[in-house]
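Below is one structure. I have some questions about it.
Letters A, B, C and D mark the chains as written, and numbering starts fresh at 1 in each.
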Amino acid sequence: MTGSVTAKYREMRVNATDLFDLVLLALLLTCAIGIARLKDLAACAILFSAYSFILCLVWAHRGAPDVAMTEAAVGAGITTVLFLVVISRVGRREK
Amino acid sequence: MKIAATALSHVDYLVAVALFLTGAWILLTSGNLVKKVIGLNIMETSVFAFIVTTGMIDGGAPPLVAPGDPGPFASPLPHALVLTGIVVAVSVTSLALVLILRVRAEFGSVELDEIALSLAAGDTAEQSERHGSADD
Amino acid sequence: MIEWSHWLPILAMLPLVGGALTPLLFRHRPAAACFWAVSVASVTSVVAIALLLRLVDSGGFSYAVGGWLPQYGIELRMDEVGAFAVPASLLVLLSLVFSRHYVARAVDASRVSFYYALVLINLGGLNGFLVTGDLFNLFVFMEIFSVSAYALVATAREPIASLAALKYLLLGAASSLLVLFSVGVVFAMTGTLNLEDAAAALALSSPMPAGLALAGLATGFAVKAALFPVHFWLPDAHAAAPAPVSAVLSALVVKAGIVGVLRTLELFGGAESLLQPLLHLVVWLGALGALGGALMALVQRDIKLMLAYSTVANIGYIFIGLGLATASAVSGAMVHAVNHAVIKSALFLAAGAMIHRTGLRNIDDLRGLGRRMPVTAFGMAFTLIALSGAPPMAGFTGKWQIALGALQAGHPSLVAVLVIAGIVVLAFGIRVINALYFRPPARVAVASATEAPASMWLPVLMLTIASLALGLAGTPMLEFVGPAAQSIYGTLP
Amino acid sequence: MNRRRAGRILTAVLIAALAVPLMYGMVQLPAPGHADAPAHTNVSAGYIERGAELGGSENLVTGVLLNFRALDTFGEVLVIFTAWLAVAAVAGTASNAERDPVPPSPVVDYVIRLLGPFIAIFALFVIVNGHVLPGGGFQGGVLLGAMLILLSLVMDAETVARAVSARSWIWLRATGVLVFAMVAVMGLPLAGYLFGLPDEPGLRQVLTVALELGIGIGGGAVLAGLFFAIAGADRS
């Protein structure tokens, strides 16, 4: 079973930077700037989750499925949950 | 033209720098401690993005090497480094969040301005008390 | 018969695993946790001393972790910089002994085992950081001792401790990131993470990205070392932490930043044109730190804040020595790093014993304590004089060498800075000694205080004796670090 | 307010001043993706050529993590365990966690309870196949941790935290460190070096899976512990 899955991963060859990458990178920057500008912390945390998820796509597309997987689980998942728990306790408005 | 070509070939690096600086901006200018930690996380991921990109190779496959596969393969070393880095980052983030909760419990706020105010108030109270008792 | 070099990874693993086991085995038994931690630190110290003897005996040696060739695996190595593991292990050992009674009051009973675990892990991280010969491994060990240090600051009960720890954490994490970023740049430029390999490759590489890596590493480690103007996290964190932790932080954890700078210099030893401007900058920042730190220490009323600012001043001296880049100044800086570690931990422990007995931390409130706590007060007075750099004692050797180096490098104004800073240090030393011995007690807590338990005054006394002994052993120490000081700068004079 | 504005302007100037040399330096690095860059020709080339055979993992990332640079990974496992120690020392322990006052919707509740076992099995799959597939100990551990966190969202943190005794939780969290330390020491007789894995393929396989499991279980338990501590931290 693992053999066929491995073959699938091998097909994920990296190409030189293409439009898809550029769009993802632009989205990353948008998310980061959005986080800088937003005053609502909960929105920032959700946006950070989206940011991590886009990053994970970039890495999957760059030949790093291991890192992409970890970032999806840690960055988009656990870190965001921790942020949200804390924000629910300290208040979601930034002054 | 040459500049544009260089910028395009290094676009990943440039975006990483831009993300790093955005994160630094949030860390430095935000008065809210939680927001600062989010900024720190953006800085961290930007460095990871940079390191992962150093291992990328055009036309390369993920570093899953089976006999008979001609390659080329992405370099596994940066990926391993970033995996370690991600673990370190989540460790630091969770410690920071716990400290924020304790700061909130002790000063009633996670805004630096308000904490500074309550610290100043505490200081003057302490000083006047000391002034009264140590005046021998 | 096991090869000697196998003990090199054990130097780091022993306290790390011992630390991890502490809360597992002794969660509800604080006294046993302390005993365990002291035992682990003792064994680590023995390993460190044995490795040092081996180093003196046969020169530096290295260890290929996992048996892989250095550039494919991780190389550990014992050299003169790695020998700092000996004072590190011994100082942590004394701080742990001191903690026994101190922590019982300063930390919740249910968290005492965590406290000991964190101190041991901190030591393991430091030891690993000192002996590793791999750039990324350097980062990993740096994170181990950093994360444990942030947490240790926050174990104190004072409300300010959590804020100080958070400030320390945010700055520390940002500086770690700069280091990681530079590791990435070095990897992209050279394709290797081994320090020696990378140094050889960097000597031939183009100046601009290498300059980026150098700036990142230097800034990152300078923040960890609390060089002026990135020192502002230090006073709060070191003053708020429990006293034995302050001792470890001031004596060792900021010194790890210095060691990081030494490794950076090693890495860029072949790229002289890049190093020169940085070194000039470092000298003057160090001078500003030395003067500013000493003056700030003079105006503090809280004894631990005073000691913390004095650490900023001493880090300034060390950076002056490193930046001057002459053989005598660099070896002076390295010797001063060790001597300051001994002196400053004696001072923090003595201050901790006084706070433990009286609950007071204001210098004016502590007046008259000299009679009540004779050994502790003697230790503090003696090491304060040693701190100012009075001749036979430990503070003297390093500062003298740095001053000599400044003269050789043609910077007589730096000698003036060193002298003025020394006078300021003497001034606040005299202020404390005056309060302790020549003023009548003003507080009931002082008048009724008694000498601290032996687990507290004994470490203070031993460190006091060490601060004299190290002063007398100045010449052998300089001879020991001499070759390292020469080799670090590669081609520089 | 004015002071804050001045601070922001100053920071903007600082960051702009940083941006120029950073960007200028970065574009002079070898362009990413080029096969002749040092990042690919030096050590990486060696890993790709003989790493699978010498390191024992077709997934080279796992080989690098568990074999070539095992000391880094040991450090990583220790950092995350230290993070839990730190959080516990600062915030109090899991038993202080209190239930969240807002119950989730029944749909979410049902879906998460249904998904739980599948996530656990997938996590196990990711852990034990780390040497051939992307993934491995830590990734699987994160999935385990995420499953525990999800469950504690619908069931309440305390029930999940108490599913295992406090004493066992600590041992579970230390699994990664302890297993790693044991395998590292076994390297001395088996491979001649600390952190070495034996050349004999079967034994190496067993030790690799043991390491992965240790890291996975330890990592998952630590991440869940971090969540429990943070979720209940301000009421301890």
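Convention: a contact is a pair of C-beta atoms (placed from the backbone, for glycine too) under 8 Å apart; a residue touches a chain by one contact, two chains touch by 3 or more.
Owing to the predicted nature of the structure, the values given are computational and were not obtained by experimental measurement.
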Pair of chains joined by more contacts [C-beta pairs], B-C or C-D: C-D
Whole-Å gap between the CA centroids of chain C and chain D: 30
Between chain C and chain B, distance of the C-alpha-averaged centres to the nearest whole Å: 25
Inter-centroid spacing, chain B versus chain A (mean Cα positions, whole Å): 14
Multi-chain contact sites of chain A, meaning residues that touch two or more partners: 6, 9, 14, 16-17, 65-66, 70, 74, 78, 82, 86, 89
Of all residues in chain D, the ones touching two or more other chains: 22, 26, 29, 33, 37, 39-40, 43-44, 47, 58-59, 61, 69, 72, 75-76, 79, 82-83, 86-87, 90, 132-134, 138, 223, 226, 230, 234
Chain B, residues touching no fewer than two other chains: 9, 12, 18, 20, 24-25, 31, 37, 53-58, 60, 62-64, 66, 73, 77-79, 81, 83-84, 87-88, 90-92, 94-95, 97, 99-102, 104, 113
Interchain contacts, given as pairs of chains that touch: A-B, A-D, B-C, B-D, C-D
Residue ranges of chain B in contact with chain C within the complex: 20, 24, 27, 33, 36-37, 40, 43-44, 47, 50-51, 54, 77-78, 81, 84-85, 88, 91-92, 95-96, 99-100, 102-103, 106-107, 115, 119, 130, 134, 136
Interfacial residue positions of chain B with respect to chain A in the complex: 8-9, 11-12, 15, 18-19, 22-23, 25-26, 30-32, 34-35, 37-39, 41-42, 45, 48-49, 52-53, 55-64, 66, 69, 73-74, 78-79, 82-83, 86-87, 89-90, 93-94, 97, 100-101, 104, 110-111, 113-114
Chain D-touching residues of chain C, taken from the complex the two chains share: 2, 6, 9-10, 13, 16-17, 20-21, 23-24, 27, 63-68, 71-74, 76, 110-111, 114-115, 117-118, 121, 124, 128, 136-137, 140-141, 143-144, 147-148, 150-151, 154-155, 162, 165, 185, 187-193, 201, 206, 208-209, 211-212, 215
Residues of chain A touching chain D in the complex: 2, 5-6, 9, 14, 16-17, 65-66, 68-70, 73-74, 77-78, 81-82, 85-86, 89
Footprint of chain A on chain D - complex, ascending: 33, 58-59, 61-62, 126, 129, 132-136, 138-139, 142-143, 145-146, 149, 223, 226-227, 230-231, 234
